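Shared between the two complexes below is chain A, which has chain B as its partner in the first and chain C in the second.
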Partner chain A sequence: MSITHDEIKKIAHLARIKITEEEADATLKKLSGILNLIEDMKKVDTTNIAPMSHAQAVTQRLREDVVTEKNQREKLQKIAPEVSKGLYIVPQVIE
Partner chain B sequence: MEDWGIKEISNLLRENKISSLEITTHYLQQIKQKNPEINAFITVDETRTLAQAKLADERIQKGEGDIFTGIPIAQTDIFCAEDWLTSCGSKMLHNFVAPYDATVVKQFNDVGAVNLGKTNMDEFAMGSSNETSYFGAVKNPWDLTRVPGGSSGGSAAAIAARMCPGATATDTGGSIRQPASLCGLTGLKPTYGLVSRYGMIAFASSLDQAGPMAKSSEDCAMMMNVMAGYDVKDSTSIDHKKEDYTKNIDQPIDGLKIGLPKEFFAEGLDHNVAKVIESAIDQYKKLGATIVDVSLPNTNLSIPVYYVLAPAEASSNLSRYDGVRFGYRTNQYDDLMDMYCKTRQEGFGDEVKRRILIGTYVLSAGYYDAYYLKAQQIRHLISEDFKKAFQVCDVIMGPTAPSTAFKANEKIDDPVTMYLQDIFTISTNLAGLPGMSIPAGSVNELPVGLQIIGNYFSEGLMLNVAHQFQKMTDWHKAVPQGLLS
Partner chain C sequence: MSWEVVIGIETHVQLQTKTKIFSGASTEFGAEPNTQACLLSVAFPGTLPVLNDEVVQCAIKFGLATNAEIASRSIFARKNYFYPDLPKGYQISQYEIPIVGKGSLEIEVGDIKKRVRITRAHLEEDAGKSLHGVVKNGTGIDLNRAGTPLLEIVSEPDMSSAAEAVAYAKKLHELVRWIGICDGNMQEGSFRCDINVSVKPKGSDKLGTRREIKNLNSFKFIEQAIHYETQWQIEMLEEGKIIQQATVLFNPETAETRAMRSKEEANDYRYFPDPDLLPLEIPDEKISEIKAAMIELPHLMKARLERDYQLSPYDASGITSDKAVADYFFATLKEGAEPKQIANWILGQLFSKLNEHNLSIEDSPIKPQVLSLLLKRIQDATISNNSAKQLFEKLWMSPSLEIDALIEIEGLKQVSDSGLIEKMIDEVLKNNQAMVDEYRSGKEKAFNALVGQIMKASKGKANPGQVNDLLKKKLS
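Coming up: the complex of A and B.
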């Protein structure tokens, strides 16, 4: 399985990581090595084997729909890069 | 000051032979003296630490102390601690002062333990050498030219250099056990779900598990008594009956059946490390254990499976770092997309970016079945291997890591070689089983760890098995040259 320079750029965009041409080349080399390692899985016959997503056979718990957290807007926004009047500020997205 | 462990400090505090303020001051001095060279701590806050120690002393004087009250330990920087910088070793969180306590941090605060500071780690716990931290590499106190292991390398180096008697750590593929092995310490990764993940910055949620690291098994047991427990705030926490992990630690272990998987003694294992492990097994025979041959045939597949599942989960977990609500934001950007992409380009280090990209790739359209689903199926096979093995033995033993501590910069440019460091530890994370590393000997004056793998929720037995070995041996008491002052 090989991966191309363009594919690297595509997945970097999907992952919302800016990548330069040089970075893409360096990443290509390293990712190819890792993907070769992963290819070993192909040798295994997994027909009818159930996928395991969790270490324990547990189901998602449900709880009563009640308020458990108090309003801490000021405290939580103190650590934000940019806030104004209780809102998080990002570049304009709608004209 | 003597080279005390947590248990001794606890006894001295309760007998009023020492105060928390005295012992805490001692460790803060050790940190001041040794940390500039070792780089095991990211954040130290003497004022706050000493205030905690004073409160602990008052509590003890009033007779309200717990067995852990007044004991100073370090917290790994993956745990949110209210009003403490919580960086997870990343530039992305270099300015993140946590607004709340992780459950583990709260548990230690509640019993009156003292927080000595936040320890260094590989960025977002991704690494086996503690070289990927934004705050610089950590050095191994046994040999400053070598790595301490990772990702919990700061916690390991801090204990090995006697800057603290114990520390919290986390293990997604070996990040407690491998650094414990490389630094000559005892470390336990509990059964998945036993220790709360609430407030523990997520890497691969189905594999991440926190545990204790200390010099001895007895000390780890005492930490487990604080850390283990059901937490409604963690959706994968398991409602397991609270245990006293120190209770059966002194039980004899004659009749114990130890399974030795032949796959753990195969190619890739340093032959000197193998010899140390074999002689540790001989010690166990003297303690009355019997040896059973077992097989974990899919061991080699654990690395490819892990490097699909862990990056896949990481790519999802780390999508939260967008420069909007907390953490790093790039200085210059044109629009929202540009802000996201530059923030993540600049805020993440190379290894973290690699793993996000792999995760994104294996989850992307057209590849899901071939990679993610396939990996989950093989994860099932790996888990079944252990189930079979535990039908004929009580614990499984083998090496923790394939070699002793390697040189700094030796593997950092070759991710695949670095990943092979975890060949013996990853499978237990995939199965969700508890694993432990204890000092079992040395090669060229570098520590070697023996790995003990137990069945689900058998931490009590594992700590007992480890303690019996430590009663017969002194490896866990060995101190790096020139560091005990």
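Coming up: the complex of A and C.
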């Protein structure tokens, strides 16, 4: 399994992480190492083994449908960079 | 060349719960911005999602109502994308193993029935809202809606006309309201559809390239959007052009669809199982419990109304179009009125009044007890159908259980005294010799004209059945 320099840059873009060409090269090496390890693991015969989605053999606990959260707007908006009329303000998004 | 249209629908149904899917914040509509955005809704680091039991029950109900497979084990996944109204940077959804699997829904277009297959239905959280134009050079974010539970219902591309697509959307809308998992309020966005449309040469096995019309929140828009989109695609193909897969928006003002600015990585969501949420296991007992407590489904009730009460399919559909209408019907029936007559009055008189005043049946000033009393007075021939309609108008303005007193006061009591009716008939016959002659010369219409004259002479109070019988005797 190999990964290309361009793929590294695409992944970085999707994750909104700015990386330099040098960093991309360094990341390429590290990620290739991980992918090679996975390639090795893929050699294990997993026929008849259900894919695992979670490391623990426990299941989801459910919560009763009761309102427990109170309005904390004031507190939360105190630490926001910009607010107006109760809204969080972010740089303009053009549809 | 002649073309065939192929339509599949994805519907986002907002589940009717008190709290969000993964937190105890309220989901009530219309609150001040961000007053229902808790730590989890704003994606505060360190917070963890905890699944709402009611959400799971809603999904199970839907699965049962569409005869679908309900997964004994399903998985939540992260759908990754960046947008300011999604502060976590991912939406929690279900991907590989949804809670509800294959099912189906029967639709009717005219007299034709068709089964639309449902591919799957999965749980997910809604995003917040972006508000433009609140401040200069900025976008306002309201996260009250973030985390609202949604059930996304995906159909197979089984519909082949706008009419079928609308019938499916309406049927689904009726069903989710009926089983009480969604309030169905389309204006508030509780029920919204994404419509996938493609066209192909008639008879061809190969599907055309589809375009997805996003976020339609009215049946009228669904119809208009499909008509426009289909026409557009056919024109493109006939001009020899190629259709690109795209997401399009519908503009209600112009009734046109237009492609959105294409995002290069639009579909690169990099789904993976959410490590914050454990697999959801649903024991069989839970499903049986919910099944046992579920109300009769509309199609079963419809069949029962036709079978046990001899309602026409049309009337039975009307009564079972809404749970509240069915409740009203049965409440009136319990008071002793006659089923066919009740259905007629609900779907006729009552519906037109409710529409006129923009009221739902729960808010009708005329309650089932009152309607039942009124209908019983038609049945026992105390008043005529027409008088009942007049009385209905009065009762609408000032509801009262004193129907009999009202009949007296308004002087609407029907005349069933045959002596009296005969006198009126004689009078009318004497004054309308020309009509009598016409009837005798074979013009059936003249009979009805005479009945009309007699009814008029009685000021509408003569028992029409008796008038008919007696007049026939007199003229024979």
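Rule of thumb we're sticking to: the second predicted complex is superposed on the first by the 83 of 95 C-alpha atoms of A that agree within 3 Å, B and C clash if a C-alpha of one lies under 4 Å from a C-alpha of the other, contacts with A are read in each partner's own complex, and residues count from 1 in each chain.
By definition in this document, a contact is a pair of C-beta atoms (placed from the backbone, for glycine too) under 8 Å apart; a residue touches a chain by one contact, two chains touch by 3 or more.
These numbers were taken from a predicted model, which means no experiment stands behind them.
Peer 1: Of chain B and chain C, which one touches more of chain A's residues?
Peer 2: Of chain B and chain C, B contacts more residues of chain A.
Peer 1: Now for A:Ile8: first (chain B), second (chain C), both, or neither, which partner does it touch?
Peer 2: first
Peer 1: Figure out whether A:Val58 sits in contact with chain B (first) or chain C (second), or with both, or with neither.
Peer 2: Both partners, chain B and chain C.
Peer 1: Taking the superposition as given, does A:Val44 touch the first partner, chain B, the second, chain C, both, or neither?
Peer 2: Only chain B; A:Val44 stays clear of chain C.
Peer 1: Looking at A:Ile17, would you say it contacts chain B, chain C, both, or neither? Reply first, second, both or neither.
Peer 2: Touch partner of A:Ile17: chain B, not chain C.
Peer 1: So, A:Leu87: does it touch chain B (first), chain C (second), both, or neither?
Peer 2: second
Peer 1: Examine A:Val66 and indicate which partner it touches, taking first as chain B and second as chain C; both and neither are also allowed.
Peer 2: Second partner only, chain C.
Peer 1: Where does A:Thr27 make contact in the superposed view: on chain B (first), on chain C (second), on both, or on neither?
Peer 2: first
Peer 1: Overlap of the chain B and chain C footprints on chain A, residue-wise?
Peer 2: 13-14, 16, 53-54, 56, 58, 60-61, 63, 72, 76, 82, 88, 90-93
Peer 1: Could you please specify the touching residues of chain C with respect to chain A in the complex?
Peer 2: 17-19, 23-26, 32-39, 42, 44, 50-56, 73, 75, 80, 82-84, 130-132, 134-135, 137-143, 265, 268, 270, 273, 275, 277-281
Peer 1: Would you tell me which residues of chain B are touching chain A in their complex?
Peer 2: Listed in rising order, the residues of chain B that touch chain A are 95-97, 99, 191-193, 206, 232, 235-236, 238, 298, 300-301, 303-305, 307-308, 315, 319, 322-329, 333-342, 344-345, 348, 353-354, 356-358, 360-362, 364, 371, 373-381, 383, 414-416, 419, 430-433, 456.
Peer 1: Can you list the chain A residues touching chain C in their complex?
Peer 2: 10, 13-14, 16, 53-54, 56, 58-69, 71-73, 76-77, 82, 84-93, 95
Peer 1: Can you list the chain A residues touching chain B in their complex?
Peer 2: So the residues of chain A touching chain B come out as 3, 7-8, 11-19, 27, 30-31, 33-42, 44, 46, 49-56, 58, 60-61, 63, 72, 75-76, 78-82, 88, 90-93.
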